[in-house]
């Protein structure tokens, strides 16, 4: 089995609230998360809005300084904020954000955008810097003539490809992708996902892929982790995840997905209907945080927060039902 | 018993207000004669207070509060007899002790016109209720004439209103200065009705005035802060102003005349002076100063900027006692100016040819003079930097040599009508540091000559000495005597103002500043309004 | 993929076409509004008047040390389109010269204020939440707690009245506007993902402030600058009106209005012509500024 | 035959922009019968919102309608005067917008907004405040909102996205309507919330017996909610069919391509995507707008605009492939 | 909530403190010897020296500042050079006059600014919009003093319908002082003739001061209304058939008012600034004219006093505006705005 490239243990990230009625409290955006990623694999991180997916990703890339826990990358501790990380680490972890419109500076040309990581990490090819940039563009299937245009003149999908090219510029071994296609049309999404898969194969990249689209995950991920209120509820290899979901939340999520074919309908668990909304991460319910929506809730769920339990190979669930 | 509302009464009160003479210029900041000295203050003083002696139109003085006086043989002791029928506005009788009090107050505070008496008066006391004695340090020829600037305040009233919380003047606290800012303690023909800070002083007739009242004499007067020519003209047109100030732009006078206002030219006791700082380069060089004097276009000034004004030939106005009529005066002659410039110690130093000039922001015509001067100096290669300066800033700048500009245009008139006051107030070292002397002559020889002349009691002798002094000053050329101050006033046709009448008929009439606006002598004809 | 020749070709054309389009688009948006074109024309015309006053003005030397008492208070006529003033100077020539002062004041003030305010705003905005930001923003509050004209008057009161000093006086509180503008833009721009990704790449703070954030503020700053030219000229005119601007004989618009105001309504032209001149130049900048705003706004 | 509520015929809409006229809608046909639930599916910028906004005549001021008619209950919306239009808006059709954050006035409470809508709905008996309040509470309760009283006193920013969208549904169904238009009402919501909201929407619409036009990106949503689907591409309705039929046999090359791009829950890998980009509206292709991207394009497709062809019961497709005398 | 406001208050205090430093610097870096200036040129040196010591001019600047601040807090701002009275007395006298003018001008400005803005927004693209646009350009292109000169020329000179100087007509007795604002005091005293007279005196200067502000707020109101009218929530409300009039004056106006009200602060600042010149022109005895005189005459205590007081007044204006904005905008009210 491949080497573990990233390991996250007990990651917590709380945001203090600075103003307003709830001043003084904290947002428990991520509240004790453990996972790891192996070389060349894709870990899909799914969950509802506000469940802490992005925050987890941002902690991994060092955009936030973490409240508690440990992150190690290739055996090296990287629990600190990115400003304190050695350049070599920054070089080795690439990041692609959700909205391609906002990740590219509208005032900078494609050339400037792509040159930045190269010059910061001093990997500029002195002889022919342009050649290097063109290669990058080629890699993401963008025409060379885009080098001198500005993001505004590119389409949404093209922008996202440019963002991917920028992340690839430093030749990373881990890419963190925060909903890279959710702002795009399905036809464009298909193109990008295909490209990502190709790149992964070519470069043996590991992906931490965040999305809320489970159907997409199904076609992409090696393993899937599902987050709820800052905690991972269930983590399993893709096949198992869809064929034998264990956590009631996973089931609720799966059952809610609108699908196109009867095959898919058959995959949806029927026992669990969706109800309620995800509570605010400021007032996390005591006990199991899913107790407000869980159809199988018992008294114990209000008292004790369940621990992660392994229920199969690489399959972990956080639920009292499996105690 | 409470009175029923009386529309008639309101009407007559209204009528009373109609009988008013309003004079617009600036706000008489200090109606306290111990402090104020500006022209509008002088106007307020003359109408609210009584002086010991009163000026005549020929420059002499007549008895007023003092019914008569005697001078001792050595000329050092003056004994005044005080009239016993004068009532203060409070109703109390004016006593000799009030006179002594007023003089001591004036001298202690050291502001206002105290400089006329400072060092001169040794002691002032009242041996009894009718007599005041003033002992002098040295003989002072024009002493009696100078007393027109000495006003009597009611001692008891002032003492009752002293602010003891400050100790500026020791046991006298603030000497009543704060209270007297908005109140009067006088016996003059008018008493303070209302003082609106920064705005106006309004006086109403004091019915018990000891000289009585004539018919149609104005029941009220007002000196208001109305400086802007447009505002003046508008107010004049709306009959909200009876006498417009002097030194308005010519254009405004022309318009006022079109409205039927009477414009008269006041005969000059003083003049337009461009004071040259004789201690700062380059005006510390007499030749340089003379070069400037020759570069000033006097003819255009009297022809175009101040039409109708007389030229000046020296520091003393031609109507004053002691004028030296032999002085030729300077003329506009650029060749001569160049010649003087070449003699000057800065002849080979043209980067020093930089003259700063301050003109008084309140008098717009001065800008024209400055610009004219600037243009002709340019021909000589001299740079003139013109700064519009409010009078108060000018005063502040005059306090030290360094801050005094090379040249300052100031309109100056003597406090009493003799050449001696011109010399003493303008060129004696004692007057340096004030706006009245921005020349900083500090010439001991001259000081001695002036002191000597002033202490000469004999009139002819004094006149001779005055003429010598004037010649001496003329040669020093510390000042460009631009022209006589033949400034204009505009009067409403429904007002009769004796001085204006004199002016109009060209009867020589001299009045120290302030007394020209002695409202008691005026008449307001409401029917003509 | 493509040979060198091809590449050069397509790059060349792309560069050119892109710039051309950018400019054309800008001009299209700008010219969509006819008034902004008028504004541009006014500003250019005024600038030409100011620069070429010695050649264009009928009596160029009247802007200097000059008096002519034979010709005072001449109403507008063929020889003197705007009449002459109280000492016989041609008002039109003086107005044309005074435009220089207005431009100098506006440009000088902006040159002082914009770099300082922008850098302060960048620093404060980028470090929002830290003490340095709080400090800078409180200082701007202090400067803004007095209306700017009053602040300028106070500063003028203690300085000698010269063009440079009035420029300083206006600048004393003016930088705060730029500081605030850039602050608010920066404090939101710093959360933009492109800034975050530059940070994550490891770019220096200077790079982020000046290369990533600043270019995005240019539009707003530039718009404000054009609009501010008008405001600064107005403030300068107000200072001139109370005698705190250029000193004679150099003409300044505010001073001319103030001096002429004494002669209203008899010699109205002495005051009204420079007043109109103020209006025209400020109008020009306002129209231009609005045009620039439209041009730079993303909306169509 | 059931009554037709909306009948859009050959509608053209263009927007004035600085690059010239953007010819967005290109002869759109759409019919909705009473009680019918139809959905419009298409990619971003294909003109879905423009189509429905023109029904209520709330297009941006730059828009113009050079051709076409929109019949609402038989009368042409485009020819209506102000009062007629107001009547249409207050009691005929209502619209739920895409972004629930933006579609509630931020400075009024939910209560104030709901009561205003009820107040001007043209119903009788709503002059009294208490009546309006009751109606508002009832409408909220029907959308399964907990604690309606509290919600009524809240400002929009105090509610979560799902709650806001439910408020919008409540608003549009608070008074009797013939038609509800929902413009991507769940795009910004989570799947679980989306599921709940769609269920509520569907249930409310059915309970009130009004028709529904649902705009969505997602075939899945369309399939689970509506009876009939319109597939839209670049300002044209390229295909319409009853839901079951469309999924069984999509005919238009675009429908097929688009469906193949959608990742399946059942796996099976990703399709390649549709080549090319949505063409620009200022300079649209002359013939079929999909022709430049179409793998099966024929020369004719680049020249002529295909008309809708009936290929089955309520199944129409605008493609020359199905033209009896075209293509082959 | 209370905490937010307390924190704001702290901010204001800080600003005041900063302001005092600024003013102290301005008033002390000026050349000249304040003691000598205060006493006049002829006062004996010993008296001047005594005053110098009394004014603490012999101490280091830092000490001077704290002594000055200590006095200032106790409202002892020193004596004015011009009036020779304590500056605070002068301020008490003149402040109400200026407030009166600023309040009238402010109300006038907001009323017209809103009205014109709403009209222009309602009739976007029509001739009315054009006229209002032209008007708003006129408003911003000329400084207040130019408008005042023109107004004075037209309405006090050519058609003399309004008085051109002072607070009340001559011979009119001022009302018994309650607020110091003549219009209000006259009303309190039941003297309607007096009220009318005082009011008439306010009209020209107040109007002259507001041209710029009206134009600005009209422009901003129009801009935000047009912008907001494209917002989804307005479309939605329109789509619910709420009548246009109601839409315009309620649902569109209220959210659009927020920016207008926020920038009112700037307009009020320009009214205050303009008052310095306009009161002078109209010979209106208010604090601004007093301040202008102080500036011209380098009366430093008075400058410091006026600046301090206007700073405080302006700050109060800003607080009021903040409160109004908070009332209009629930997000600000409940979440506590940014900063």
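Chains here go by letter, A, B, C, D and E, matching the order in which they are written, and residues are numbered from 1 within each.
In this text, contacts are C-beta pairs under 8 Å (C-beta built on N, C-alpha and C of every residue); 3 or more make two chains touch, one makes a residue touch a chain.
Because the structure is a prediction, the values reported are computed rather than measured.
For the pair subunit A and subunit E, chains touching both partners: C, D. Summarising the inter-chain layout, the chain whose CA centre lies farthest from the centre of subunit D is B.
Should one ask which of D-E and A-D has more C-beta pairs in contact, the pair is A-D. A separation of 90 Å divides the Cα centre of subunit A from that of subunit B. Subunit B and subunit D have centres, each the mean of its CA atoms, that are 90 Å apart. Centre-to-centre separation between subunit B and subunit E, using Cα means, comes to 39 Å.
One simple way to say how far apart two chains are is to compare their mean CA positions; for subunit C and subunit D this gives 49 Å. Residue positions of subunit C touching 2 or more other chains, listed in rising order: 243, 261, 264. Residue positions of subunit A with contacts to 2 or more other chains are absent. In subunit B, the residues touching two or more other chains are 228, 230, 361. Residues of subunit C touching subunit E in their complex: 137-139, 141-151, 153-158, 230, 234-235, 237-238, 241-243, 254, 257, 261, 264-265, 268, 271, 275, 278-280, 282-283, 286-287.
Partner subunit A is touched in their complex by these residues of subunit D: 43-44, 160-163, 189-196, 198, 217-221, 223-224, 247, 257-259, 261-274, 277. By the touch rule above, subunit E contacts subunit D in their complex via residues 230-244, 246, 251, 254-255, 258, 328-331, 334-335. Taken together, the subunit A residues at the contact with subunit C in this complex read 18, 61-63, 82-83, 87, 90, 95, 97-99, 102-108, 112, 116-117, 120-121, 134, 138, 144-150, 153, 163, 166, 170.
Remark: subunit B residues 228-230, 249, 251-252, 254-255, 300, 303-305, 361, 364, 367-368, 370-372, 374-375, 377-378, 384-388 touch subunit C in the complex.
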